[in-house]
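Common to both upcoming complexes is subunit A, partnered first by subunit B, then by subunit C.
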Partner chain A sequence: MSVVRRTQVLKAVAGSLSQTIARRQIQALPARFAASARSFSSTTNAYNAAAADAPLKSNISTTSSALVSSTKDMIVNGHRVVAGAVVSRQPLILRDLTPFEQEYFNYQRNLERKNASPFASEFYFKKGSIAEKQWRQVDAERESAGLYGTLSPASAESSLGQDQDSDMTEEDRIAALEAKVVFNDRITEADRKKDMRSLERALARTLYLIVKKPRDQHAWQFPQGGVHVVENLQEAAGRELNEECGSNMDLWFVGRVPIGHYAYSHPKGTMTKSENPTPLKGSKVFFMKAHIFAGNVQIDNKEVVDYAWVTKDEMKSYVTPEYYEAVKDMLSDQ
Partner chain B sequence: MASRSRQFAIQALNHGLLPKSPPIFRPLPAIQIRTKSTLTGIESKKKSPKITDTSRNETPSGHVLPQAPIYTTGLSRLREHYTTSIQEDIMVATYKHHHKKAKQYQDGVKIELKGNKHLKPAPRPSSSDGIPELVKIDVHCMMKEAITSKYNLLSGIMAIQSITGEMPEVIFAKKGVHNWKLRKGMPIGCRVTLKGEKMFQFLDKLVEVVLPKMKEWPGLPEGAGDGTGNIGMGFPPSALSLFPEIESNFDMYPRMTGFDITFNTTAYTNMDARLLMSGFNIPFQKSRKEVVAQIKEKPSGEASKV
Partner chain C sequence: AHSYPAGIHFEDSTSSNSTSISAFREDRIPNTSTSYNNLKESTMSSPFVRVALTTSKSATLMRAAGKKSGTSLNGDARNDLIKKVLFDAPSRSPVRLSQDDLSRHETIERAWKLVRQQQKQANAESLARKFEMMRKANAELELISPVLFKHSQTKERNAVFPRQLRTLTDTPSKQIWNYRNDKSVKA
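Up next is the complex of A and B:
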């Protein structure tokens, strides 16, 4: 369901890209897994100028020989091209079951156990051996603990106490206690403290990184920054993450095509640079997908003042409605 | 009456809870026949008396199911991983905006391919329907010892049953091989087809327990796959003892046997199938290009550090 929507998003993104980028260039890109911004063809003067001196790998034909510094922002059709990074932490544990699902699985487990072929205990255990005795005991315990779905948990607990066999020695009991597996809590310390900066929170959900910029409006957003003329979207997103969130993150970018797209116009009076004779119409943000495996964000309080790892639902309360509307379809519901 | 209400219950649940693709799940009464002896399995199926008891493996039309039904007794770790991570990542990683249509041939035009090639399915445009999916896993073993005595096969059957949790189906020789003294119709091997939850459990075990223990195994080759989305791998007899079920009862199996595992996916190309399987953590060797690039990069990397 969500994947269907994501396809539509991808299509929209690619459509938007091909408006700004010459078609023949991008055609060859997905095959090489490189939607590299550096293979833009000569749609703008600014880019034409940059192409000559930049250390390019791809084949670009250009006649201009003007020198442009590599840190110049890429501008296409009056829009600044911006790369955003959607850094996600995948779910670490299985999701919670609905009561209906629980009932269903319980029912299926009963059926499976009822119809299973009998366990050939005489094949695995010699008759009268200690191993056989131990196995029978474990089987009885599992049966009474409701692991086979035959009993409700409440009655299982009460019967577990009675089930301790009288022929069980004290040593056996101690060994059983030591061998008992203790499960970790599904709700962590970070959940209880509501620590939004921790990656240990909401273990069953996908978390996304959003950062807070030092301004009043539109403060919370995905980490993003302008694409330089010599780099591709993925490089730009990686560089911006490094600048804004520090290098203490083990990241992996999934693909080199953007997963989402968001265009906005600049408020009047801002973003008009003296070096840019034509005023900018706005910015186009292309979101790149990445996974985090280890580490966390380190903020320097200059570009970014705060960060949070949020689920899709929680993001609603952080970002503006129009921003949420633009990005919601590329985020996982679970 | 009981059987009818059970069927209704299962069909009513078929909204998203159950595996998506029809081949994995069959909404049928969850009852099965277990044959008493493994070797006489095929024969005894014919003889099995037709009883109208509801606890028999019959559809309303009286057709006897060849395979045990699949129970979904809980959330599968790998299936959840597939739905939450792998599906999306494959979509992003393989997305192609411009789809090149396959060449259309007129009716009656014979397509001639060079060499020993076969016709491959045309690539489809990127869509959420086209994301490859794991359909089934085949575990298969062939024992040459079964030629001298068919009872030697029992060990292999027992071992395959232990590692998969399903009763294997005996395979009889399709034709005789004179040099091996194999005659047509002799039992020569066994096979299990895993689907649904059992499939994911087996894959989980393989990836987490068995493959890491295989010493000096470099991973699947970079060109793995049969060209139509299936990936096969062979295991030596020593690998069988790495399965936890066999490891603990190693002495009970008189003969270890090598076996093959085939992953059946809905992928259209080798690349897609490998992408899917590597998403499930099946290790793959680095391609020659990557290795060369790494070697080339190394000296320059060291130089820049200095």
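Up next is the complex of A and C:
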């Protein structure tokens, strides 16, 4: 067999082999992965784009449908069944360190430095290279920032005399400035302005949505509304949020299980509905938990006149004391 | 100058390192600066003074490596340098703390453990309170409406976490929040 023919045969064999291997690998994925891939909210195109830009498909499971739906309120034993929504914006940055934690981490860092072997910079950086210059700069910055612990007078003099390199050119200086990493501020504009409607406030804390109804007492509360007859709790909460707070929010409901409940009786004269023959005794609210990932509230000033994104302790100054006592255990401290 | 017989020398050097007699190490390396020794003795009192010895030690390492070109593998001085940095580089002796400093260190460690324990306890308690709220709500729902209760206890098939759940960072990104549309929120 000639050399040319042998290579041709080998190429053909290699081609067919690689194809079969690839196909086998694809078929090896079990069926359940394919099923779960379908329930992902974003398409394959969006996967390439940033995850934050992909619109979140709602994960509300619907009991009612086009054929079976109702607008009649669900009332059980004279109590109206109400679905409330605890919409939270999770923290975006790590929490602030306590003073003790800061001191302890500094202590440990100094101890580590003291115990560590000396860094042989002349081994890792070639003498006179740009990398070596950059390292010396970084080292000097860290030293002046105090990361290496306080120096005794003798060693302080020796270290100060070292890095006076005037041989760094203007281009190197500019390059060093451009390469420098600048971090964004943890305290945002919204923090300074104390804008309670902003979602960029208090980045290290969990923010909860509360809305204001146009009445004097019990004005501030979590968004809530009556569950209709054919609906489930998740659906009702989603619908109420849509009605009261607009549809410009990317929400994700955390499961179907209510996280808490609050029963209250109506003061005389408020709940007068002509449809039901028996007077209502009160309402029972079941809270559903949801996360907001994008967008913000848009109110129409009819049902809801104001809204705020508050932390757990800030909520105390908005809602009534009995309401706060009833709901505080559902909420995160941090 | 000492030679590195292949294989055997490595075992010797690692066993010597475990005893960590730094004085013995420095005898082997030529041109040990005496100023380094003086510095070390004077700073033993404070545990957190960093002894600036990187440049002097590295320079001696380089000089020592340069002398061994004849005895090394394939005449490559870089192998000798690597061996020297890995096995012969003088590691600092562990921090010697006085009795007072040691008790201070132990107190700090105990305080840290105590604080961590308290934090974990607080987290566990808050989680327990949340669970209790959830349990009571579901018990109430079961009494009120069997249909709603059944739906709440049925888990969603093929449920996945949303991709938008972010990991926490030290500082925020340039675009902190995505507001979805251009209409600014008014009133």
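The rule is simple: the second predicted complex is superposed on the first by the 204 of 334 C-alpha atoms of A that agree within 3 Å, B and C clash if a C-alpha of one lies under 4 Å from a C-alpha of the other, contacts with A are read in each partner's own complex, and residues count from 1 in each chain.
Please note the rule applied: a residue touches a chain if its C-beta (ideal position, glycine included) is under 8 Å from a C-beta of that chain, and two chains touch if they have at least 3 such contacts.
A quick note: this is a predicted structure, and the numbers were derived from the prediction, not measured.
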item: Touched partner set for A:Val181, first subunit B, second subunit C, both or neither; value: neither
item: Partner chain(s) touched by A:Gly295 [first = subunit B, second = subunit C, both, neither]; value: second
item: Which of subunit B and subunit C A:Gln90 touches, first, second, both or neither; value: both
item: First, second, both or neither for A:Glu112, with subunit B first and subunit C second; value: first
item: First (subunit B), second (subunit C), both or neither touched by A:Phe286; value: second
item: Which partner, subunit B or subunit C, touches more subunit A residues; value: C
item: First, second, both or neither for A:Asn248, with subunit B first and subunit C second; value: second
item: Which superposed partner A:Tyr104 touches (first subunit B, second subunit C, both, neither); value: both
item: Which superposed partner A:Thr206 touches (first subunit B, second subunit C, both, neither); value: first
item: On subunit A, the residue positions that both subunit B and subunit C contact, one per complex; value: 90-91, 94, 101, 104, 107, 111, 115, 117, 123, 149, 255, 257, 259, 332
item: Contacting residues of subunit C [partner subunit A, same complex]; value: 39, 42-43, 46-55, 57-59, 61-62, 81, 85, 89-92, 94-95, 108, 111-112, 115, 122, 126, 129-130, 132-134, 136-138, 140-141, 144-145, 148, 151-156, 158-160, 162-166, 168-181, 183, 185, 187
item: Interfacial residue positions of subunit A with respect to subunit C in the complex; value: 32, 35-36, 38-42, 51-54, 56, 59, 61, 63, 74, 76-77, 79, 81, 90-94, 100-101, 104, 107, 110-111, 113-123, 148-152, 154-155, 158-159, 162, 183-186, 188, 197, 199-200, 203, 227, 232-233, 248-250, 252, 255-261, 263, 284, 286-287, 291, 293-299, 301, 329-330, 332-333
item: Complex contact set, residues of subunit A against subunit B; value: 3-4, 6-7, 10-11, 14-15, 17-18, 26-27, 30-31, 33, 90-91, 94-95, 97, 101, 104-105, 107-109, 111-112, 115, 117, 123-124, 149, 206, 254-255, 257, 259, 289, 332, 334
item: Touch list for subunit B against partner subunit A, complex; value: 9, 13, 17, 30-32, 34, 68, 71-75, 77, 80-81, 83-85, 87-89, 91-98, 126-128, 131, 158, 167, 249, 252
